[in-house]
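To start, the structure itself, in structure tokens.
A, B, C and D label the chains in the order they appear, each numbered from 1.
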Amino acid sequence: MINKTVANVDEAISGVDSNMVLMFGGFGLSGIAENCINALSKKNIKNLTCISNNAGVDDFGLGLLLKKRQIKKMISSYVGENDEFERQMLSGELEVELIPQGTLAERCRAGGAGIPAFFTPAGYGTEVQGKKEVRVFNKKKYIMEHALNADFAFVKAWKGDTLGNLIYKGTARNFNPLMAMAGKITVAEVEHLVPAGELDLNQIHTPGIFVQRIFKGSFYEKRIENRTITKA
Amino acid sequence: MINKTVANVDEAISGVDSNMVLMFGGFGLSGIAENCINALSKKNIKNLTCISNNAGVDDFGLGLLLKKRQIKKMISSYVGENDEFERQMLSGELEVELIPQGTLAERCRAGGAGIPAFFTPAGYGTEVQGKKEVRVFNKKKYIMEHALNADFAFVKAWKGDTLGNLIYKGTARNFNPLMAMAGKITVAEVEHLVPAGELDLNQIHTPGIFVQRIFKGSFYEKRIENRTITKA
Amino acid sequence: MALTKNEIAKRIAQELVNNTYVNLGIGIPTLVANHVPSDINVEFQSENGILGMGPFPIEGKEDADLINAGKQTITSLPGAVLFDSAVSFSMIRGNHIHLSVLGAMQVAENGDIANWKIPGKMVKGMGGAMDLVTSSNNIIVAMTHTNRQGQSKLLKRCTLPITGVSCVKKIVTDLAVIEVTSKGFKLTEVAPGVSEDEIINSTDADLTIDKNLKTMVL
Amino acid sequence: MALTKNEIAKRIAQELVNNTYVNLGIGIPTLVANHVPSDINVEFQSENGILGMGPFPIEGKEDADLINAGKQTITSLPGAVLFDSAVSFSMIRGNHIHLSVLGAMQVAENGDIANWKIPGKMVKGMGGAMDLVTSSNNIIVAMTHTNRQGQSKLLKRCTLPITGVSCVKKIVTDLAVIEVTSKGFKLTEVAPGVSEDEIINSTDADLTIDKNLKTMVL
């Protein structure tokens, strides 16, 4: 049986180099590949293009790579709540491409699905439109968007098996299944790694074919960005 | 709580009329909406455009509608194994649009996802290309395909809840989740109907938002088209 | 007197239609969930991947793996369902979501909305707003009538970069309910104790006064 | 002597690469699964929605809800996964499937393939074949060298409507293994007991003879 297991995070990120395009799953701090991000922030690589819905916070998530100036360009939909990010962007040190969240999701899926381009209404008539092709279908205006792919995609799942099959938990699923499809090499870190055959084949969110490397993360801080409670 | 339950198949198919565009989930005879198809074949409607990967067999599945000449046009990827179909097609009584299976799946998904058109390599340079727009991305040639939608989509799931959330079984999933997205009115028939809240929210294949009507089918023949066994 | 944020949310809750799916944006819109009339069934979507969103958890039950688009910890209701971001925006772009309630920095009389960027000052990104405003058939804006500098947020033309073109159908502010029509803004309701003149003075665009102008009932 | 269908499948099984994902078409290609070398790990996809397809079930265990693209009852192996048709063809179009083995009615020397239609006679449809042939980096055709009328299925140009353009990389027939190169067909292996001349006579296109021409080892 095919076995995608790697021994540890270092093996998981081996081959990642400067100037590469990297994708990171997660929404805010939820469902991010904490182990991979930490290890990448310690690696001597720079000029990265990072595709991620958000950019972490100052001392967690992609904020760690920002602080070390490893990122040349961010492609995201929302980058608030990160002072260092704002500073680098306003000073021009960091290149930022902001795109609508649904467009980001669909572009990653398209990249994984062999669809080079598609039309979406999101962004029509706004700065996002830029020089993109505009087209009318059924009297509504759409812009053409291209697929996104990455040299490496880093995703985080709740459970995974040695074949790379993944199950996410809660809303930590978000962009992970889409970026898993779009990475030339997709690295999955999981909380629970089980032998192939232990997961119910009818309940797998990401088929293992999309995953090249898998390992059990050694820690999960799972920081909560905005703790809100109902008073009992 | 929103309740999509209808009492029976007659209520489920109410409003279906002549000249409408209908989608039917299923691959071969696996995962087809047996109860709805049977009831539609008894209804006085004709000139239907049916979108379905296959066209059933002579006395089962969409073959029932064909036999009664209710179908004006079929949009499918594979229509073998059906003598009546072949006869009507060759005599010109039935209009047939054959499209690649992946394109069919993607066009239905696009219809449900608000993507009016996309590019695919499938069919480039073949009869399928026809007058479709050709475009080169990364030195590869693609053709533009449009979204498909339907007045009614008929899907069949294994389990469903009163909110319309669906779980399929085995390879009976196939086109069902995609057509569920693309129907103006999506009718789901299920083997097991449970109250909302009984299904695991992390294991649902079709979110109930895509389903307008749901009911428990009163019978499932589940005919096997090609019984193959390994001799013990 | 001008409405509180909660009162704006309460007024918007009157717009909810039975058996529909609704997306609530960050800020005032989120509060709408607290005011759903008892005879109305709606399901709330959060675009990061849940339908059937419930209230905030009780203390100790917060789960980092269960948040809304505002990154707040939430709970799920019976019948809820989880999905990825591509499926989530399929619901949105595909018009399966019936109503979106969003905050805004500016709304123009043609229905343009600006709520994602102040050039040179604030660039947080549009998140899912551009998908939401181009997709739902019903876009309601919840906002204060004027900004902190006292400037009208209802304008002839947006001066900030827009989020979407001609998409807003209705605006509920702390002063009024205003419909966006083919002829521009139409004032349909005033907040209790707020005069027509105060609304006119706070609005940098023309207003048609509805012949059935009412005072809001909260 | 010409190979049997099973022998064609056995020869194709030698093309399997360790740790890869493979799609087998209907007919001879399906038989390849019976000849996987013991030191090779491959996962078989069936485009109707399963990866990790296993052998046919034993009698009494057939399940109408578990079939392959040929509508045959199948089983699943440990580690298998189920998915919908859009995800399935994402695997195919997205080049996640490494090898596709298909049957064909005709293959041209430029790699064109025809396997879905005989105008006026047989119109069953292309199924997933058009997606498969434009997508996988490695397309191998399994077929008899000639049709029932004795006509060559290897041609300068396909006369039947094609399924895909310049996509076939290799052809394994009952007589030979032939590679499709930028200069046309190259004969690399002959079936045991089959002469070069017999292959040349059965091929309606030019053939380059590989300087290392071998007899197939089965």
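Going forward, a contact is a pair of C-beta atoms (placed from the backbone, for glycine too) under 8 Å apart; a residue touches a chain by one contact, two chains touch by 3 or more.
None of these values were measured; they are calculated from a predicted model.
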{"item": "Those chains which touch chain C and also touch chain B", "value": "A"}
{"item": "Greatest separation from chain A - chain, by CA centre", "value": "D"}
{"item": "A-C or A-D, whichever has more C-beta pairs in contact", "value": "A-C"}
{"item": "Chain B and chain D: spacing of chain centres that average the CA atoms, whole Å", "value": "28"}
{"item": "Chain centre separation (chain A, chain D; CA means) in Å", "value": "36"}
{"item": "Euclidean distance of C-alpha centroids - chain A vs chain B, Å", "value": "33"}
{"item": "Touching two or more other chains - residues of chain B", "value": "106, 109, 113-115, 120-121, 169-170, 202"}
{"item": "Set of chain C residues in contact with two or more other chains", "value": "82-83, 86, 89, 92-93, 135"}
{"item": "Arrangement of touching chains [line / ring / star / complete / other]", "value": "other"}
{"item": "Every chain pair in contact, whichever chains are involved", "value": "A-B, A-C, A-D, B-C, B-D"}
{"item": "Complex contacts: residues of chain C adjacent to chain A", "value": "46-50, 55-59, 62-74, 82-86, 88-89, 92-93, 117, 120, 123-131, 134-135, 161-165"}
{"item": "Residues of chain A that touch chain B when the two form their complex", "value": "106, 110, 113-121, 135, 137-138, 140, 142, 146, 167-170, 202-203"}
{"item": "Residues of chain A that touch chain D when the two form their complex", "value": "1-3, 109, 111-115, 161-163, 165, 181, 196-197, 201-202, 204, 207-210"}
{"item": "Chain B contact footprint on chain C (complex, rising order)", "value": "19, 21, 41-43, 45, 51-52, 76, 78-83, 86-87, 89-97, 135"}
{"item": "Residues of chain B touching chain D in the complex", "value": "27-31, 53, 76-80, 86, 89-90, 96, 98, 100-106, 108-109, 120-128, 158, 169-178, 205, 222-232"}
